[in-house]
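Each of the two complexes below includes chain A, the first together with chain B, the second together with chain C.
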Partner chain A sequence: MVSIHQISLRRLCRLFALVFRHNRHCSNSSKNRSAQTWRSVVGLEIHAQIQSESKLFSGASTKYAGSTNTQVSIFDAAIPGTLPVLNRRCIEAGVRTAGALGCKISQVSKFDRKHYFYADLPTGYQITQQRHPLARDGKVKYLVYNTDNWNKYNWKTASIIQLQIEQDSGKSLHDADRNRSLIDLNRAGVGLMEIVTAPDFTDGEDASSFVRELVLILRRLETCSGKMEEGALRVDANISVHRPGEPLGVRTEIKNLNSIRSVGRAIDYEIKRQIAELESGREIVNETRSFDAQSGQTIAMRDKEKLQDYRFMPEPNLLPVFLYDSKSVPMGVDRASVIVIDNLLQGLPPAPSESYERIHKDHKISIRNCVILVNEDGLLKMFDDIIEKRDAKALTNFLITDFLGVTHARNINLLQSPVPLRHIADLFDMKTDRCISNDNISQVLELMFDFPDKTPAEIVKEKQLDNIQDTEVLRAECEKTLLKHPDVVQRWKVSQQKEKKGRQDPVIKLVNTTMTALKNRADPLVLISIFEKLLSKK
Partner chain B sequence: MLSLTLKEVVHQIQQGKICAKELCEKCIARAARVKELNAFTTETHTIAKNQASASAERQATLATLPLDGVPVAVKDNFCTKGIRTTCASRMLENFVPPYNATMVEKLLSNGACLVGKTNLDEFGMGCGSIDSIYGPVRNPWKYHFISQSLTEAGLQFGGKEPHAMTYSQLKARGIHMSAQSRSKVLRQTRETETMTADGHCGDDWYIAGGSSGGSAVAVASGVCFGALGSDTGGSVRNPASYCGVVGFKPTYGRLSRHGLIPLVNSLDVPGIFTKTVDDAAILFNHLAGHDVNDSTTVTDPFHQQDLSDISIKDLCIGIPKEYHSPGLSEEILNAWKWAADLFEKAGAKVVPVSLPHTQYSIVCYSVLCCCEVSSNMARYDGIEFGYRAENNESTEELNAASRHYGFNDVVQGRIFAGNYFLLRQNYEKYFMKAQRVRRLISEDFHKVYSKKVDILLTPTTPTEAPLYSWFSEQDNRTRTAEQDVYTQPVNMAGIPAVNVPVRLSKAGLPVSLQLIGQSFKDHDLLTVARWLEQQVQFPRLDLSYLD
Partner chain C sequence: MELNAMIAAKRIATCTRNVRQKLQLNNYFSSKVPDVPTWVPIDKEKLPKVPELDEAMVNHLERLSLVKFNNQAGVERLYKAIEYANQLHMVDTEGVEPLDSVLENRSVYLREDKVTDGNCLKDILQNASQTVEDYFVAPPGNIPLKSSDRKSLK
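Let's look at the complex of A and B:
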């Protein structure tokens, strides 16, 4: 049925292409008009590997980057006579994810076989959930933003059509020189959640923002690592363009986008390509394309699937997956042996969009900083735990600039940080109370990671990193600086006579010199006031 | 010793009256004597001897296992670790599984000795056990053994196989390796033999039935005391009927299919061949139960149960009127009436019942079977295991060539049909409709049982064992449609059924009947079967004259 539908769409498009060409001859302004009036429609299919110890239907490990063909059970290799045994953990992960995506979770879902021959698909079929998926009809609110322009952002909601559980395939390597194919089955049979969205996106930025949000959701749930660079989450994008008021255009599918950046670039390229094709009177072919990240272009794949009939059939070796509400567990059924939806959905972490909104509203933090706080695992919790009555903007800056600066340099996962939260809060307070200069903060932080048992106060005292509070000492040092730099003093005098604007420059120069001499153990503001007093006497 | 029942053998081994090693040797010797029946694809005599030695050691310490020293055979579609498992197909001729099927594991862990893997129709697709790359299986009943005639003629075998010694003689008798198999690989061989196949005269033999013909023959000919088969549409009960042994197809979900190379997953059930119903119950007791490797096995605990004598008085036996079909022979019909009378005379209520959708079972089966076959066979692509063709031009070419040469015509035909039925535009029309019809067939049985009928009594096969010459006149599909007619609906419903041989026909061949029970009431069914068996006193085949 779908193919007939597509053919008629293609015919329609050809018709429109003709009409359009005709118009072009009549109107000189058509070129301008066309560039502005195309609408692009994008839908996504996301394959997220389920974070589980073992595969969907076998006990083999799912660890990434294992030695070739070492994580293959006899079932994964399709050895005759083997049967699938459902990994309950994968269904639970699917239920939690479906819950977080606002889906309706099916009390009964079923597995189907999807047939096609491919060397890295040992059984000749993929076990998936075509007709009765685990969940349907979800909604995800997400923030559309562009890291190049933080002022331009907006909230959108995308619809999830369905979430189904299925098997991943193996990997093929084609050795063209020696005319052979090599197959690694380590990935074959790893559990996947296929998340299908409605065609709700308009362009690359929109779609990639959604994927970013989804990755965050999955990582918070710990149902998928979201590591796109490891192939743990791959995106297929369906793209078409049409004119407003006209039916949707013929779509192409870009397969296996493996970074958020690629999602955005590939979609934007494909939209431009389709518009260019249509504007030059050609038509779009319903085909599968791949994205070459180096050239930034999409390329038509050798398309065997266009007329492929997958000959879906129910998987006869698996019982339907029955899920229960805690109230609907039938009498006599052992509760421990069944999956109870509401139990699994208890204590789901809040959606990232909720977190953005909360901290943006409650603490007036910029969207950029909200995004960083939320995206960095554990950082938002740290913020929430420390904030109390403290200044939110200052704390955010401290966490993002000072704290992340050190953890990123040291490649430390925040969730595994050895430094007690109390010490971090203390350090922030010391900074706020101007007990320690900004320039010494990172040094203190480094030492806190080296000696997690010591408080910042102890470290600062031991290593003499705290600010010198004795104003006499400071003034003496400032006077020394003035004596050493008469030229700067002279410049200050000149600036005083001319215009007030340039007044600060020489002072800052003096402060910086003094700070270095004091090994940064001073509050620059205090130094400024000392210098202002000293200079005014001259 | 080989005429004993499994129960007797178990008893005597436990008592130390029979030595496991000696018994094993006797079975191996008998296997050599009846080798021309072609019941085995692979003989595992060395393995059996080692297992028997281990049994003998346990006998010495009196710490025996329940089936210690009992020689058994397993259909060559159950995976056996380190022993090739071929499904009688070119495709798996070189396939050595890395694991044991649960059924095999249970037999071996209970002390049984595996004497060999038995012959079958390729991948279990057939009802004559003649479509095998190893050639057809022959029914031991009324069989004129060459070994016997040679001995009579004063010839000695020495250590050589009768086949090798007397191949020209075999050929002269119209016995050839692969009449029905249309595998391209075999076509050439067959063409050279067509003359003899068509021109046989008098030197015909009876087919064993199938597809588990090898297992039925192994038990009937005394090579072993129990054998495993698989029953998808009657593949255990049909050969049991023709070979005069008990063939038990338990309730779907009672025995694990893990390691059974599937024909139709939703219909396949491991089945048991033995000489008596008691023997079947013993094996069933040791084989049944939940298996974590097969999600379709039931999880409720299984309790071993010995069969006890029962009073037939409270029993209600149903006679399905639809089973009086035109193909039913006089001989079988009479035996059926006779058995019904035996029940009635013993006080049971015998009532006619109706299974109105039974007539659609065969056509429904052929759709469902082909669909699952096309899917199950998709893994045979010449890459991970099995036959790989030489063609390396591309993966597609390699797949196509491997499948073209690896499968016989019957398998290929079912794959084509199945793929057609599963096409998007056909799915509703064929597969879905067949599923609905299947439910109706299944409901027929449940309706009958809900009306206080305990057991159904029916024929197993329309006739006694047919001659090979007659059977091979028609193709596999035609024969399956006529042969499976009484057995096949049972698989649709997943209920248990057992073949019980009841008497000999005028031609001296076994005449058998089928008893059909209720879901998970396997022991009740066997108890009634045992009663019938005791009444009829079927004369079992005795081939001791060959030893």
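Let's look at the complex of A and C:
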């Protein structure tokens, strides 16, 4: 064995040069081949649970995490002789969502049966809308961004092919040890909106940004909770790769992605896997795969049939759904009993992308902060209500760092915040007027949540958290600091002869010490000016 | 005898007149039911050929329909059934919208979104052959038909 010490320096250098050259060569070639000679194409199917009290076709509850098989009507258990009765709220939610996604809403839509055998689908078919979906042809503008690099963002538009209403299936727990599945039908028959996009996405970041935007849209409409961790929104991704100028490649489908992060990771993994397969001369098989979040890999699913034969047929137990424009409601029809599209589409909340653009443009707030303001339920409204003539950047910083810091720590939903808006505005003004130091802000906020009836002025006065305005008191404290820290004063003297850089350091040290002594009840800027005066006399 | 024959002839004439009157009445209400049955003989040569049913296809159909064709005779009956159904290809449906329901001009009834049902665990579990802690017990995943079920076809 040759130890590293025995190798001459010259040999070592040569070795490193070799390694370096090799690495560079490798990274170049892989870049050329992967990024330049392959295109990836991604389309999404999103299943969003409709936020309703009862199921799509039965009066059973849709509450999450109920005890096993208690939220099941005899219809949901597919007992022969039972019939579906359509839930009005589900159609209304579908219409509002379709409107927000810019879709054309069908005046007549129909239900179909889609057959497959699965233990959590007791009828053996799912009632869905295949031939005449509720809506088609939408467009959604969304912001593509990466939380690791906020400078790199861009706007894109994705096309929606259709939005259909359908039933959810039950849940299976797989008991591999005993070779059996345990079936809970609580979710069976809950209303879903299936949103099918065109293959408009290029990679994981792109697709996951779209899903993030869609979740935000649904939450604003209150048509879906968007809680992916509860399975209220699941994403299937269709992925293929091809060389530019050639037809699209064979696609694979990744099922049931249940977080925005998983959507991005699964798609990027699958693109890499397909490229690697094709480059090593193998073929891509049209198959269904699942994503393992732990290993970050996609795995072929075993129990899917090679050839799915859904045997679609019209659902004989449901008449078509008719929707009207307020002008087209026929004579003699009770307006209260029918769904009027334009009435439902009145007062749709603005799209998140519109909100981003508005505050980015009107208030010159950074994209990162725009995203935070828009994503936190209720925060944007708070911003809009407080802003008036106030400074937008300072207010954004106050809301994001100070205010959210406290609400997140206390796990408070802003929409249910007990603190009146004007108290928050007052506190911000006190901060702007330098009546209270940054270090005491969060303490005041905590107290505001403890005593929502008290104004910040009262709290500050009571707990003595406001800045001391009396300059005599401040100067006395500063002089005390100077006496206690002659070494820092000495350092300041030395620093005065140097270049500008580093001149302030000793002063800042003195200010910090004084601030602590004063329990943060001072404006550091005022202290700096006092110190500068005192020191210049020395 | 002659009288009887005359009476009989008169009765028949009356009956025919009544039928005619009835038919006219129907025409008056413009019934969609034709006066006389009509049919077109089907040229079996023009029908699409019944595809060859190999074992894989028979297995697939058995699985989808949950019906076992059991033996060669059963499979032959399946051929005949497909041939019979193929006659529908002779119906000219050009430009005709499919009719899903005779009530298709009426909108579906919409129920209010209220919880009115559920909480009937005992009722829905009573037909289950096996349950565990209020769950239905089912075989794991999608299981293909056992190979033993297919032997009878050979």
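Everything that follows uses one rule, which is that the second predicted complex is superposed on the first by the 500 of 538 C-alpha atoms of A that agree within 3 Å, B and C clash if a C-alpha of one lies under 4 Å from a C-alpha of the other, contacts with A are read in each partner's own complex, and residues count from 1 in each chain.
We take it that a contact is a pair of C-beta atoms (placed from the backbone, for glycine too) under 8 Å apart; a residue touches a chain by one contact, two chains touch by 3 or more.
None of the values given here were measured: they were computed from a predicted structure.
Once the two complexes are overlaid through chain A, chain B and chain C clash, as defined at the top of the document.
Once chain A of one complex is fitted onto chain A of the other, the partner contacts of A:I339 are limited to chain C, with no touch recorded for chain B. In the superposed model, A:S181 lies in contact with both chain B and chain C.
Residue contacts after overlaying the shared chain place A:F312 against chain B, while chain C stays out of touching range.
Of the two partner chains, neither chain B nor chain C is touched by A:A276. Once chain A of one complex is fitted onto chain A of the other, the partner contacts of A:P80 are limited to chain B, with no touch recorded for chain C. The partner that reaches more residues of chain A, of the two candidates chain B and chain C, is C.
Of the two partner chains placed by superposition, only chain B is touched by A:Y125; chain C is not.
In the superposition on chain A, contact is made by A:R113 with chain B only, not with chain C. Touch criterion not met for A:A409: it reaches neither chain B nor chain C.
The superposed model puts chain B in the path of chain C at one of 24-32, 78-86 or 114-122, which is 24-32.
In the three-chain superposition model, chain A touches both chain B and chain C at residues 74, 77, 79, 85-86, 115, 117-119, 179, 181, 183, 309, 311, 316, 318-319.
Listing the residues of chain A that touch chain C in their complex gives 52-54, 58-61, 67-77, 79, 85-91, 110, 115, 117-119, 172-176, 179-185, 302-305, 307, 309, 311, 314, 316, 318-322, 337-339.
Remark: chain C residues 60, 63-64, 98, 100-101, 103-104, 106-121, 123-125, 127, 132-142 touch chain A in the complex. Considering their complex, residues 1, 74, 77-86, 113, 115, 117-119, 122-125, 179, 181, 183, 309, 311-313, 316-319 of chain A touch chain B.
Contact residues on chain B toward chain A in their complex (touch as defined above): 78-79, 85, 87, 92, 95, 97-99, 101, 257-262, 264-266, 292-296, 371-372, 374-375, 377-381, 383-385, 392, 395-396, 399, 419, 422-424, 427, 431.
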